Every structure is written in structure tokens, then in C-alpha cells.
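Think of it as A, B, C, D, E and F in the order they're written, each chain with its own count starting at 1.
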Amino acid sequence: MVASLDGYAGFKHFLISSPAEYVAHVETNRPEKLNAFFEDMWLELGQIFRKLSHDPNVRAVIFSAVGERAFTAGLDVQAASQGGVLSQDGVSDGSRFATRVRRHIYEFQDSVGAIEKCEKPVIVVMHGISIGLAIDLSCCADIRICSKDTKFSVKEVDIGLAADIGTLSRLPKIVGNLSWVKEVCLSARFFDADEAFSVGFVSRVLENKAKAIETATKIATLIASKSPVAVQGTKDILNHSRDNSVAESLRYTAVWNSAMLQSNDVATAMLSGIKKTKPRFEKL
Amino acid sequence: MVASLDGYAGFKHFLISSPAEYVAHVETNRPEKLNAFFEDMWLELGQIFRKLSHDPNVRAVIFSAVGERAFTAGLDVQAASQGGVLSQDGVSDGSRFATRVRRHIYEFQDSVGAIEKCEKPVIVVMHGISIGLAIDLSCCADIRICSKDTKFSVKEVDIGLAADIGTLSRLPKIVGNLSWVKEVCLSARFFDADEAFSVGFVSRVLENKAKAIETATKIATLIASKSPVAVQGTKDILNHSRDNSVAESLRYTAVWNSAMLQSNDVATAMLSGIKKTKPRFEKL
Amino acid sequence: MVASLDGYAGFKHFLISSPAEYVAHVETNRPEKLNAFFEDMWLELGQIFRKLSHDPNVRAVIFSAVGERAFTAGLDVQAASQGGVLSQDGVSDGSRFATRVRRHIYEFQDSVGAIEKCEKPVIVVMHGISIGLAIDLSCCADIRICSKDTKFSVKEVDIGLAADIGTLSRLPKIVGNLSWVKEVCLSARFFDADEAFSVGFVSRVLENKAKAIETATKIATLIASKSPVAVQGTKDILNHSRDNSVAESLRYTAVWNSAMLQSNDVATAMLSGIKKTKPRFEKL
Amino acid sequence: MVASLDGYAGFKHFLISSPAEYVAHVETNRPEKLNAFFEDMWLELGQIFRKLSHDPNVRAVIFSAVGERAFTAGLDVQAASQGGVLSQDGVSDGSRFATRVRRHIYEFQDSVGAIEKCEKPVIVVMHGISIGLAIDLSCCADIRICSKDTKFSVKEVDIGLAADIGTLSRLPKIVGNLSWVKEVCLSARFFDADEAFSVGFVSRVLENKAKAIETATKIATLIASKSPVAVQGTKDILNHSRDNSVAESLRYTAVWNSAMLQSNDVATAMLSGIKKTKPRFEKL
Amino acid sequence: MVASLDGYAGFKHFLISSPAEYVAHVETNRPEKLNAFFEDMWLELGQIFRKLSHDPNVRAVIFSAVGERAFTAGLDVQAASQGGVLSQDGVSDGSRFATRVRRHIYEFQDSVGAIEKCEKPVIVVMHGISIGLAIDLSCCADIRICSKDTKFSVKEVDIGLAADIGTLSRLPKIVGNLSWVKEVCLSARFFDADEAFSVGFVSRVLENKAKAIETATKIATLIASKSPVAVQGTKDILNHSRDNSVAESLRYTAVWNSAMLQSNDVATAMLSGIKKTKPRFEKL
Amino acid sequence: MVASLDGYAGFKHFLISSPAEYVAHVETNRPEKLNAFFEDMWLELGQIFRKLSHDPNVRAVIFSAVGERAFTAGLDVQAASQGGVLSQDGVSDGSRFATRVRRHIYEFQDSVGAIEKCEKPVIVVMHGISIGLAIDLSCCADIRICSKDTKFSVKEVDIGLAADIGTLSRLPKIVGNLSWVKEVCLSARFFDADEAFSVGFVSRVLENKAKAIETATKIATLIASKSPVAVQGTKDILNHSRDNSVAESLRYTAVWNSAMLQSNDVATAMLSGIKKTKPRFEKL
């Protein structure tokens, strides 16, 4: 049975529940519009993940979307075009327009980036239509899984722009096949779950959305059963490693661990290993 | 029917045509020598790609080689050994020899690197013998495809040197399997099209060279049908991303897009999307 | 027949032999304890690889472990827990404890990192249980191969800590599938040889340990037959490339080669190519 | 006459006024406690500078403190010690304590860093006691000036810790005399205005606080009279330059300016230059 | 007596002579327009420095300007405004305008950057009006000296733009007083020779232009008397060092010197030292 | 009275004493040869500083040289030329010579770099002749002071080579006047104590060597009286900051301090502050 999660009742565009101990599940809830995003939604998403980041009752997060048709069809273009940031009304010249756009992109990047900055691991489950912003969002998650019916596209060039909320910054560091990355980004062509798996964009493909959520819950539950000190350190160091040389990363790791080896979790984990019992770790 | 491309008649070692609107096709034309390169050739190649980079009539480039036997057998060793840069004639000591070599390598790297710096996406089509310089050249392209008969080798250690025109700098960032990268670079062993595909060095393998060219033309035509503002921005940001942290890349992307969202292409693209018509974008 | 290698008789925890000309074979020799490591062992391992690095009689190194059951079960936790670095005895506060831990990690990282810094290519052969430190060690090798029965795990979170001897720093740069990297690091789940191969952690899987050693010996012998100037330059530049932008890497390569093209090996290699004879290169 | 600045009435710990058109003046207002900071204050300071950053009525900011005795005596140690972040109450082990400390430091760094991220140039005016946090804060400003009576100290080692809110990260990039930087950081010794000037920590020393504010107002007014597009671009590019290679910085600059040369300000500025009139620029 | 320098007769906007053995002197020659630059001029300047870079008869370069009034008044705004890059004629939208501007800036940066990339040390001598482009140009030189009458200004904000040809990228790395750097860049205020000296922008101030040229010639002659292998290596490594960590720089230095210690110059220099004779080094 | 320091009796080329509690003094002891270095000496120097780094009885180090004439005349060229690394005897080609040189430089850099890596602050006191290696050595220290009679020179170009033991890597990051740095490195000219002070190479100049040692002892004693946790953290973070962006440095600082705020030193320091007593800190 899925429980509610204390302290997350006030959010409008997302459902937040707790399918297992220390596991949170965030679901985009706008299925009637294919879970397309508008500004209020991504601002709220950022708030949710910033809150989860420090919530001691959460050790792993699942992120998916309500409904059968789409993880998200991306940005709600209609909403964006009405009096939105791309309107030139009231802007006196190109530089001032550019300044407004730049500020807007930073804010958008920060909201989406809250998924990556969340101290707890995030498992994203994609299904159905997963285009445009779907790729930006999922690139911020730690683990990507999807159902067989997922249709992906780095859609931005089709509406005349270069993806700016993170896909182009993160995809080359997530997938080790730059020829493929460039092809899908430059052509906006669709690719399916099998292709996504074969190039390593997702690490698992499940029969359908329900099975994918089930698998994500299992992985999240497994991760949540480990020492949160160990798990959160692992996420932090892996993200640091992606952006730094091996030498810098080793140095950062040593300093990190000099602080984080002072936990009771090591003793707890070792004892449980010997006794074959399930360890219980303090909150973090 | 393949048209000629205005302004490229004067080049000697390469054929340059336009198989489709806004698509250029550059072909190395020395099939009788397995398309082996000598200095004049790579200097000319650099000039061609610098010209294509700013040519408003070009939005995507295909790069392949004439003949059935080889994309290229690499450096023309015979030409290189005759009075070439490795001759010690007239050099008074090791430092002065090293200075000459270093200047020569920089010039060679710059010529080959013009493929990477070309603002328009480049699709390379390899076939047959594709060794040594073949790998350096193709690593500079955005999308790599090949025919089933391609035989690849990072050949340099076989002639007593470390690959210096870019293979060692780019291959680890193109292929996400460092064990394989090191094996082929350290051993100079051959690998075939299937292996190249399975590790992600090429993103497509076609039945034969003709089919590969056909596929490349389709991809190039598709890319050329998109907003050139969006496509060229996507290439630039992806190349920036490869060499920078995610944080730096996001910042660069925001600044880039603050300039590049001021195009008519967004409106054109959206309108075409609604009207289901083919959009026409201004030259760039 | 396997010969001994001059100058390596004094080491206690490792067998060192020479299965072929210019090839060294280092074997962890504590099979009764599943080749688990304690401090003396990794210090000795560091010494061995530092010695191999400059040994002119060695051009390629194989690294494996004695016995059928395990490449290594990782850190010998029992040994570590007895009066080890994690004991808080005699430490007056958390900062002083952290300082001792940090110094210890640096020393440990340096010993293991000697494999990566070794100027000669290192081929690691894993089999059976290969967990925890097994991943740290193998990430430092250039080429990773394994037998079909290998069971891998980035085990650290299971004992309450983030891997700190290099796995988290190197794995994301070795394997181009960040979703998979994060899953195995965050969950400590086991993965087998086939999975390791499909994501590119190992580049070959062999029927059993014997076959894997045989294959490693063939690759090592092949590499050892090439110009050592070319091979060692290739390793050095590839490692530099992993941690630097393409532009920096190209510059470093040009400077490196300006020195290293002054060898007789180029002429020797070319001549052998023409004459179809086996080249003999001077020691390095 | 000093006017109030619309929209800043609600702040408790800082006075905010507008001494000249487009110039904001932020004053720390806790003179009875030597302007020592506690948590509420730095959180508010962050909010103020985030608001100034996008306020079109502001083009330059002066930051100083109320009272004659101190710019700031640093952190209010008494407030910090009462139930603060360094208390070990309710923390089960060293790792959990470290996690709480780390989160706290990030939040503190972010608040103070808002001065640096503010798009408008910030001129800090220091006087009297300017120790500890005073250095962190002033390192985030663009221009540092002080009165003759200022007494500076990088005070942190005196209370048993390494400065963690930015002094150690920024001071070596602000002052080109690393021997001096290390001496004052390692010894916590005081230095006066003349020494601060001679090493380049401040760029001007004035007779007293009133003169220093007057000078800051003149500089701010001068800056505020220029094109805000030009001024804000200059700040952004200089901050980027500090943290990037020349090559990266040149690339970023070119992309930035490709957007920001589309302003009317260039024409306005040139015309004013010819006509010898004072230019009027649109808000930004 | 000043000799002409072989091979530089064809340049139009610059005088090129040889005041001493192995020393070249480049003088901007448009005194009637205060040596203001237009496009043809900076393209030619780039060509000259690329040629000097590889010219074996040149070991040090002096760069100054003809006439008494100005080193340069910067960009010839009048020339720039006539059908120049900032004209919006024939540009269909902001993105296409931005693309043209970006390409133009890159070309301009490359020409000016040829001074920095020149393998031989460059000593710039400034006098009189030295504003705008004067700062960009001189930041590319290795050694900056000036006469007492020099009036400097980072002038760009006064014409509504952020300096984009290199001042903002290089000045913070040349002068270790970031408060001052920001003040002069953000305010465009003038500063004189004494201030430039006291902050370290120039390393010498001479009585007048003639004396400054004389001093530059002495320094250049001294440098030209040293081993060119040593001098050019020193310049290259110092420029590398500016943009890299100490660890990367040490590695690069070791590789560089492994090639460059193979010169006869070491023996020549040592022998001359012993014999107290003037050493003669081979060309480079 | 100067005491001996336990555990340092076995060193041959250096005197090691303890002029004050927790202060070590290392003196180069070859005054009859102007303290010129040969290989044994720098290897020993590296060992000494590695030992001091972890010695709990040491909190600050003074490094100077015996005798009145010279801190060091640099490398002992005579010793170096006899069968040294630059001899080409027994080397078959330029690449093999280069490899030997490279290995040698790395070893040399590591020995000298031990001063920088020493966890305790190092104050170098220079006097008299201080050329060549003197600059490399002193650039590794944290604080540089000298006597009035010091004669400095970055001497390397005078013997036909680029400084390769660290001067070129560190000097531009120590002194914020790149024009001056380049002038002295490219010309090998001498500069005196006043010039060294005015550009910020040294932070203090004293009347004579005795006074300089006295001052160094005072600074060292002051530093040694502070919390060693705070002091050593300050050194580590400042060195990290020099080589990283502000953002990376802030992150590293937060992680460092999360471990290092768990000391009793904070309470000890604060209490002493209140009670006006001298604090006593635990060893580190």
C-alpha cells in the first residue's frame, strides 16, 4: 500500500507518495495535457526536489508521470507562446530581450537541476511520449528506466531552437556514443526503448509502465535499505567525478570520506553482515 | 541528380557536390593510392571545411572517399619520408628537430580539426580500408556511419609513433568503453564494422558503400530541413559540453540561446508544425 | 614456459613472472583468503608497479590473481577492523580522526594508482569473486578482461561507506552508461561477466580463467612486439586525454611527439613493414 | 539627498536607499553589536542582492555598514554558539554532524555569494573593524575601498577553523601576492588600510568613512551613467574570466557579445559622444 | 642603425625593421588617425605576427606605433560604422545578426591573438593615447612598457559594449588587483603610466617614447642573445601555466623539456659561461 | 635556545632544529659550494619535508640556508654534467634520451614539490645569491621573506633551458604582475630584494639574514600557537583554490570543513579568547 508522505500535501501539479519505507514517489500530474510543463510546474518541481534533498524520511526518489500516454510531451508550447518570455512586447532592443531570455533560462535550468542536486538518488521512469523536456529532466536523474512503449525525441531543433535546459550539457556525459548523441540531437528523430537501452541512455526496459514502476520501486527500496551516509556520499562523489579530472576527484573523495567515515553505519553494516540481519541506520 | 556546389571548383584533391538542397558532399579523390593523404591534401581539406563553415548554401556536409577499396589508408608514408618533416637533414640538434616537428603537427591538427570546427554538422561515411588518419578524420565528424566491409585500425603504433592528429585526444570522448579504446590504440589491431558499431564508434552500419552514402544523404537532408539556427547551435553547444563541466556548459548554453532565440525560425517552425507544412528558413 | 623476472624475487604477496619476452605477469597470491587485501599487500603492489614502470625489460603487464575462486574479495575487513585506521582509539576529536583517515586514504589511493601511472600498459584479468577493491584495482588497468564466471560488485555501500580508492572517480570515465554506473554503485548489486561486457566495463569475456590469461598473454605479447616508444606514448596521451579538453590534449600530444618522434623505431618499424620481418626495438 | 528605493521597505537588518539615480546603497544596520552577523541577517542579505540583481532601477550598488566603529566584527559567535550548527546535540555520529555542517555552509556560501552573482557592480566600503566575515563579504564585491582607520583580519584560524564562506577561495584570485595572502590567512594577524592598498586588496583608501562613501557614490554614479548592457556584460565576463582559461573566456565573450551588441545603447552612446550630451539608456 | 627585415616589405599598415640582430620592430603606421585600427589593419597584424613566429631570423619582437600622439586610439569607429558588422542591413533576424557578429569577433580575436601565439617574446611599447584596442593588443604581449605620457582607458563601456577582443579575458590574469581591474573596466576611466606601473599592468615607465623604445630594444637584444630554445620554451610554458593547474603545468613542462634539452645550446651556453665569451646559438 | 628535533638526526645535507615549540627549522648545509644542489640533496630534501608533513611535533617550518653568501646558487652544474642525465652516453636515440630526461624531471619535481605538499606552513628565508633552483624552491613555500642583500635570478635561460622544476608553473600564480614575471624569466636578469618586495614575490624584506630568520621564527611561532586543525586546513584549501574555480573551491571547502569542524579546537580557542589565556591544542 502506498502511503502519503508528510509535508508534501500543498503541491498542485505533482502527486507525492511513499510506496516503501524511506522511498518517495513524485508523479507529474497533468495527464490530460500529456504532462506538458508550464512555468508554475517546473518551479514547483524544483521546490519539491529541494525539500526531498534534506528530508530525513527519504533515502531514494522515484520520478514518473500520471496516465498511460506520456511521461511528458515537453514544454507546453501554447502556454509558452502566450505572453511568454519569447514575446518581444515591451522590449526595446535585442540586448534587453536577450537579458530577459537569459535570466529565464537560468531559472528554468535551476528548477530542473534540483533533481540532480537532490542529495538522494533519483530513479526516473519514462513511458509513452517522452520528448523535449523529458530528456532534460531524465538526464538529471541518477538512474533511467523506461517501458517498452516509450518514444523519445530530443525535439528542440524541430521548434527552431537548441535544447537549453540541460540535454546538450548532460547527454554526452551520460551516453558513451557521441555519434548517436549528435544524430538524435541534430535530427530530432524519434528513438524507441530498445535503442535507448542499446546506447545506454536507459539502463533497463520493462514490459509496461506498471512493471517499470515496480522495478524502480524495488531498486529504490534496495538503495533505501543501505546506509544513507554511504549512498548519499556515493551520489555526490559520482557527480563530482563527472566534471573533474581523476586526480581532483580522488582528492575530493579522500576529504569527503575523512568526514563521512565517522558514522555508526560502518559498524552497523558490518555487524549486520556477520549476523545476517537487516541493518537499521539512523536518519540523515 | 547531384549538382555541383558553387565556389568549390578550384580544389584538386577533393570532389565537392550537392546531392540535395543545402547539403554538401566532400569526397577524397585519390582512389588509385587508396586515398592516402599527403600534405597538400590535408591543407586543402582544411580550406574546404573552413569555407563550408560559413557558406550560407550549406546546412549539412557528407564526407566520404572515391573508389571501392578505401576511405583512406592513412598517411602516404612514402611521400612523408621523402624530404619530409621526419628527415633530420639540415637540423643541428634534437631541440631544433623537435621544434620543426611540433610546428608541423600543429598545422596538421589544425587542418584536420577544421572538420570539427565547421559550424555545419558533418557526417562521415567510411568504407573499406579505414586506418590511421581515417580514425583521426572521422573522430572530427559529428556522425560516423560505415559500410559492412570497413576495416578499421588505429594504425600508428605499427609505424613507431603515437597517433598525434587527434585520435588519442578524441576517441576516449566519443566511445564510452575505455578498455576497448586502449586495446585498439595500443595494439593497432584491426576491427570491423560490427565491432565499431557495438562499441559506439559508428552509429550505423550499412550493407555497402552506396547504401551508406544514401543513408548519410537522408540524414543530411533531414538535418538540412531544420532551422539552421537550431542545428548549428546544437552542434556548437554539444562540442562545448564535451570539454566543460555541466555547470559551465549550462551557463554557455544560456548565453548562446539568449542570442539565438531571436530568430524568426521559432515562429516559422511552430507555424509549420500547426499547418503541417514544410518550413522554409532563412539562410545562415 | 614461464620464466621468472629478474629483480622481483623479494616480494611476499605477489608472484611475478614473465610468460613471454617483455611481458610481466603479476599475480596476487593469497588464494586461501580469496585474495583479500590488507595494508602490507597494497603497499607492496604499489612498489611492484613503480618498479615495472621503469624496467626496460618490461613492455606490457598482466595482472591477475592466484586460485580459482576469486580475483579479490576486496579489503580484508577483519584485518582492517583490528587496530586499523577506523579505530577511534587515542584520537582526541573528530578532526584529528578525519586527518588520520585522509592521510590513510591518500596512501592507499597512491598505491593502487601506481597501476595507472605505470608507463607500460596493464591488462587485468578478473575471475570469480571480484568485488570492492577489485573494481578500484581494475579501473586503474588499461585493458579489462574476465572469465565467464566473474561476479562483480561495487560493494562499498554495503559496508556503510562510499568507495574511496578510485572506483567512483574512474568508473564514469571508463564506462559510457552513467545510469548503469550509478545503479551498480548505489545499490552494490552483483553483475556478471556478460553485463560487464555489454556496458563496456570489460572488453572481452573468456570461457574460464585459463583462457582469459591466455588471451591476455596474447594481447600483451602483441603490444610488447611494437615499438615501446609508440606504445608508452599512446598510454600516456590517452590518460592525459581522459582528464583534459580536446584542445589541451592536442597541444600535449604535439609536444610529446616532438620529443618522441626522434626514435629509431619509426625507421625500424617501416623497414620491417616493407621487408615483412619482425622488428626489434631498443629497450626503453 | 538620499531617496528611499522602492520595494525594499520590508528588510529588517539592512537599510536600503538610493543616493543617486540608478544607484542603490545597502547598509548593515546592527552598529550596537559591531555589525556582527547572525543567520537571519545573512539570509536577508542574500535576498536583497538577488532582488537588486534584476531590479531595472538599479545599475550599481554600494555596500557598507552603519556606525563608526565597524564594517563588521564578523560572525556573532555568541549567537552561533547557542543551539547553533556546531552543537552536537541530537546528532548520532560524526557523519551526520558533518552532513548538517556541510548543508549549513552551502546555505551560508550561497547567501554571501549573492553579492558576487548580483548582475550589477557592487562597491564595498569598509571602515573600522573589518574582520572574519568582513573579508568573505568584501571578496564578493567588485570594487573594494576603505577608510584609513580600517583594521582587517582573516580572523578564522583564531577561533579554530579555516575560513569557509569564501575568503580562501576568492582572496588568492583577487590579490596577486600569494605570500602575503598566506601570511594573513595562516596567522590571522591584523593589517591596516595602507597594507591592504599596497597589496591590492582595496583599490582606494580614503580619509574617513564619510569620504569613502562619497567616493563610492561617485564611482557608482559614474558606472550607473554608462550603458547598463555594457556594464553588466563587463561584470559577467570578468567573473567568467577569473575561473576559465583565456581560450574559454574568449569564446564565451564572443557568444555573449553576439547577443548583447543588439542594443540601442551603442548608437545612443556614440551619438552622445559626438554631440557631447549625456546619453540616456533604456532600463535593464 | 636600423636595418630592414627581409620578407616584410609587402605590408601596408605597419613598418617592420630590425634594430638589432635577431630583433624585429613592428610599428603601427597610421599616425594621422591616432593609429586607430580598421579591419584590414588587424588582419595584416595577424599575418605579420604569424610570420614572425616561425622566422628563424627573429628572436624577440618590439611592437609600438608611429607618431607622438597615440599608441592607438582604438577601433576606428567611423570606419566600423560604415556598412560594418554592426549594421543590421540585410539581416533577417536577431539570430542571424548574432551569428555574423560572432564570426566577426572570432576573426578579430584570432588576429590580435597572433601576438600572444607568436613563439618569440613580444615587448609592447605604449605612449600617448592608448585606449580601447590598445589594452587588448598590449595584453597579448609578454612585456608591457610605456612612456610617462601614456593615457590608458579600457574604453569599451563608453561606446555601449563589453570589451570583446581580449581585455576582459586577459587583464585579470595579468594584473593581480581585481578591484582595480574591475574599476577601470566598469568605469572606462583614464589611468596614467604611474598607476599602470603601481598595479603591475606595465613593468617599466620611461621618460618618453624614445627612451621607452630604447629600453625595449635593450631588453629585446638581451633576450635575443640567449638560447632561442630556452627563450621560446620559457614563453610557451609560461602561457600554458597561466591557463592550467600547477600539476598540469609541471607535467607539460617535463614533456616539453624532455624534447628541448636535446639542444647544443646547453653546452654552448655553459662553455660561454666558463670562457666568459658571448655564445652563438643556431637559428630556430 | 635552539633544540634539536627528534627523528631528524640521520640527514646529511641539511641541519634540522627546533627554535621554538612546534617549529622546525631546515637549513641547507653546503655553504662552501654556495649551497648548490646535487641529486642526493634534493632527494633528501623531499624525504625531510614528507616526514615533517605528518610529524605531530611540528606545526610550522622555516627553510633557509647555512652561511652568509647564498641561499643557493642553484643546481651544481659541475656535478650535473658528470655522467648526469644530460649525457647522451649509452642512449640509442632521441626518444630514449627524452624518456630518461622526463623521468628525471618528474623525480626532481616531486622532491621539490614536497615543500608545497607538506601539510604544515613553510616559511622560506632567502639571502645572498638566490638563483635558479632558489626560485623553484621558494615558489613551493607558503611565505617568502628575504634579507636586503638577496640577489635573485630565474637563471635557467642562461644555461640554455627553460626552468623545469616549477618556477614557470608557480611564479605566475604567486606574483600578480605577468609583465614582470615574463621579463625576469625570459631575460634571466638579476633583481634585488626591493624589487622582489614591490612586485609581491616576497612579502617582507629584513635588514640582514639574522633579522630575517628572527622574523620568520616569530611568524612561525605565531602560526604554531594557533589550532593546527585550522592552520593546516587553511593551507590545504588555499592551495586547492589556486588551481580551481571559485565554485569548485567553495564546494571543496564545505566538504573539508564538514570534517574539520569536529575538533575540540573551536571550543578551546573560543574559551581562551574569553579568558584571555593562551590556548593549548592537541597534536595533529
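Criterion: a residue touches a chain if its C-beta (ideal position, glycine included) is under 8 Å from a C-beta of that chain, and two chains touch if they have at least 3 such contacts.
For clarity, every value in this text was computed on a predicted model and none was experimentally measured.
Common neighbours of chain A and chain E (chains touching each): B, C, D, F. Averaged Cα coordinates give chain C a centre that lies 47 Å from the centre of chain E.
Work out the mean CA point of chain B and of chain E, and you get 34 Å between them. Among the residues of chain E, those touching two or more other chains are numbered 94, 97-99, 102, 173, 175-177, 200, 229, 242, 244, 247, 255-256, 258-263, 265. In terms of which chains touch, the assembly is arranged so that all chains touch all other chains.
Listed in rising order, the residues of chain D touching chain F in the complex are 77, 81, 86, 94, 97-99, 101-102, 105-106, 109, 113, 116, 156-164, 166, 168-170, 172-173, 175-183, 185-189, 199-200, 242-244.
Chain D contributes residues 54, 92-99, 102-103, 229, 232, 259-265, 282, 284 to its touches with chain A in the complex.
The residues of chain E lying in touch with chain C in their complex are 240, 244, 248, 251-252, 255-256, 258-260, 262. By the touch criterion stated above, chain D contacts chain E in their complex at residues 121, 142-145, 173-177, 200-203, 219, 222-223, 226-227, 229-231, 233-238, 241-242, 245-247, 249-250, 253-263, 265-270, 273, 281. Chain E contributes residues 94, 97-98, 247 to its touches with chain A in the complex.
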